[in-house]
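Order of writing sets the labels: A, B, C and D. Residues in every chain begin at 1.
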Amino acid sequence: MIRVGVIGAAGRMGTEACKAISAAPDMELVAEIRRGDPLERLVEAGVEVAVELTRPDSVMGNLEFCVRHGISTVVGTSGFDAERIATVREWVDSGATPGVGVLIAPNFCVGAVLMMRFAAQAARFFESVEIVEMHHPNKVDAPSGTAVNTARLLAEARAKAGRGPLPDATETGHEARGLAVEGIPVHAIRLRGLVASQEVMFGNAGELFTIRHDTLDRAAFMPGVLLGIRRVRERPGLTVGLEHFLDLD
Amino acid sequence: MIRVGVIGAAGRMGTEACKAISAAPDMELVAEIRRGDPLERLVEAGVEVAVELTRPDSVMGNLEFCVRHGISTVVGTSGFDAERIATVREWVDSGATPGVGVLIAPNFCVGAVLMMRFAAQAARFFESVEIVEMHHPNKVDAPSGTAVNTARLLAEARAKAGRGPLPDATETGHEARGLAVEGIPVHAIRLRGLVASQEVMFGNAGELFTIRHDTLDRAAFMPGVLLGIRRVRERPGLTVGLEHFLDLD
Amino acid sequence: MIRVGVIGAAGRMGTEACKAISAAPDMELVAEIRRGDPLERLVEAGVEVAVELTRPDSVMGNLEFCVRHGISTVVGTSGFDAERIATVREWVDSGATPGVGVLIAPNFCVGAVLMMRFAAQAARFFESVEIVEMHHPNKVDAPSGTAVNTARLLAEARAKAGRGPLPDATETGHEARGLAVEGIPVHAIRLRGLVASQEVMFGNAGELFTIRHDTLDRAAFMPGVLLGIRRVRERPGLTVGLEHFLDLD
Amino acid sequence: MIRVGVIGAAGRMGTEACKAISAAPDMELVAEIRRGDPLERLVEAGVEVAVELTRPDSVMGNLEFCVRHGISTVVGTSGFDAERIATVREWVDSGATPGVGVLIAPNFCVGAVLMMRFAAQAARFFESVEIVEMHHPNKVDAPSGTAVNTARLLAEARAKAGRGPLPDATETGHEARGLAVEGIPVHAIRLRGLVASQEVMFGNAGELFTIRHDTLDRAAFMPGVLLGIRRVRERPGLTVGLEHFLDLD
């Protein structure tokens, strides 16, 4: 049984995570930290792995506490730029608490991680590729961060394979919601009833290849969170991205 | 047996039409007019219904000949604006050859006609709607004419039902291939391997409704051409649009 | 303002309906009847339209009460066979309470109703058609009732148009989840993560035509319920099926 | 420039291959062998890589000739069982013509190979999975060989990951076209207008993940054939399956 503590237990993701951890046969939820609760409770409860699900303005303090107390941590909070990542790396590599592992995952959804990885692998085999991301109409940004990241991976894989620009005879009419990210068209659909979906479409003469991912519910993130909890201590040091825990090679 | 003549028999559509007419159990292909052939052959062969599949610069002359000789005609050639339509209407309504029927169909694909009609009917029941059209990368225009026409029908149906603008919280990133046509977003995908597809996506809270049409081959137009041949004489005068021959009400 | 009462207000559909009615600008929710509550409250509250969302074993009594008291009623409870429908028709046509309208709708989802109607209209234009229904894996029956109904409508429309059996060269391997309903193949997919979706796929040489409907949430039924409430009094007598309220012709 | 010879140059795949090889900037088509032509022409023309695209009853003789004459060969002809593969392995491993490479590929379509590989990798992360294969109605077998192979790979990957049977509450109605292959449902759709498509659908609570491949034209096989020609000499000995040439790890 892994003794787990959740920081941000009252938030939407935190609530879902507490439920999933409680239901997991190999875990025990021993601490739920809400805003204002002292982090020392994690230590008192003998937490082996913490899950950090708060906000960008509190995550660094929480993470530093965990690392300094030798608690391996799975972080789902967003807002990690290169500087923050460098800071966290310094903490875990300082040698003060050897063996502690930290996983920072911008996306805990296994399906989204697989989509990006498979798309990057497929990119060099196809002449054409475009991305369609589909979300509910209350989403403020367009295109989505996941779509922009996927486009960058595709552009990089095409460049490495020596593929030039996408074939495209059109000259007019580039005013729809979306963006070409490093030459990869990203179309953004906003429709009441949608939650969060993405499709990557590849094409060669006589052939189409499509990878699609639909997230319908916060429950979609839980298998990734549980996987992180199970494996973060096996991998001391800092890991960025759930894909490194999936043993895909 | 309907005695049919094809004008433009050597073109791509004409070749396909000759094949389809020859294979139809209730038709006889009695005249194939190629460029330079005299139209009188239609009369000599006793053609009852002509199919006009040439080009915008020759269609008007051919059509006038047919009407004046009392030959009902199914026209697939493009380029009919309001003025040309008015001219044709004058010919057929002149009373010189009573009973002659002309069908001008910008799209002979029954599936495309159904898509537009069903989309227009569904429009008032949904809060959101967007169009995605997908074509091969050699297509010069974007969005496609069919997509623009569909968007106009959707906008009109929404206006009639008193529906306001689509819900959309995004402010940035409107630079993808495509266009908002009268407020209806039209996304244009260009991918090697695609031929011609279109999807109309509707959404309400908790519900999505999608109509999709894929044209893969010129054969797709033949059921509409045959239907036109079978019915054009039952409907004297000028008809614009295959939908009027489909008995959908 | 229409004065509305909900019978079965504590159930899952009832709760959702109370919310939707309260939010509608042209309705007032004046009575919520839970199990054990006397139906007289509907009369006391001056209910003009009742919504019946209970169970097959209580719906007939509730409906009889409403009809006898001149309250027009929108019924979403299932279990109406020919005999029950005949009984209800007798009540409303007895003349005791002239002007009372009853709408019995096996499916309040506008998208599902449109899918069935459009599919039936498209059927005669295509050589092939198959249905794929997709649901969560806890659903006990397969294929779904909606899919079976759709297949029957398709078979009927094909028969009327003189279309024979579907082209199919396969001889072996008919053991997948699903059924051929009156000759129309219905495939049943059961997948964790799905809620309730259905696709009707049509095909001709060189052409595909697809209608898809996804229900993701009980909210999908509310536009149909509200439409029924708004219009049931305009249509005295018994109406079976929401499609008659959609003015599709 | 690689000097290439095609055996079976007059067949449908052979014709397409000759065209693709002639168009490739790094290849020269120096021999086209039709039925009855002596294989010695391959030697006389200095062929470095042969492409075998004939039939099961002639492929073994052709392949033996090539191996014995030190010509590396890319084989697209079907009908290789374990026994035939063992025979070919003996030829290439005999040491008589060191350095000769043979690639036997049951499927030259890169997209189909990627679909199978990605599906096998994704299998252990999802609770549910089903396959839908879609083909033209003249195809005699159902489900398709590719779908059956994919199902086997999925079943194997699930077994290795310790995943039990798929969740499924249905008890009745297993009579649709298709088959459960080692517990993985495979649905077979036959529709006029379709060519050859396959979809693998995965699901977890709140999440769907789909991989789809559409083959529309024989051209789809050519990138795989060209890739095989370019790389078969780098890999002496026998290779079965194009996936080993894709450097996916």
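The criterion applied here is as follows: a residue touches a chain if its C-beta (ideal position, glycine included) is under 8 Å from a C-beta of that chain, and two chains touch if they have at least 3 such contacts.
This structure is a prediction, so every number in the text was calculated from the model and none was measured.
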item: A-C or A-D, whichever has more C-beta pairs in contact; value: A-D
item: Over-half contact-pair match to B-C, picked out of the listed pairs B-D, C-D or A-D; value: A-D
item: Chain at maximum distance from chain C, centres defined as averaged CA atoms; value: D
item: Chain A and chain B: spacing of chain centres that average the CA atoms, whole Å; value: 47
item: Distance between the centres, which are taken as Cα means, of chain C and chain A, whole angstrom; value: 40
item: Distance between chain centroids, defined by C-alpha means - chain A, chain D (Å); value: 34
item: Junction residues of chain A - those touching two or more other chains; value: 126, 193, 202, 204-208, 214, 216, 220
item: Chain B-facing residues of chain C, complex; value: 109-111, 114-115, 118, 121-122, 125-126, 202, 204-223, 246, 248-249
item: Residues of chain A defined as touching chain B within the complex; value: 126-130, 132, 137-143, 166-180, 185-194, 201-208
item: Partner chain D, residues of chain B touching it in the complex; value: 193, 195, 214, 216, 220
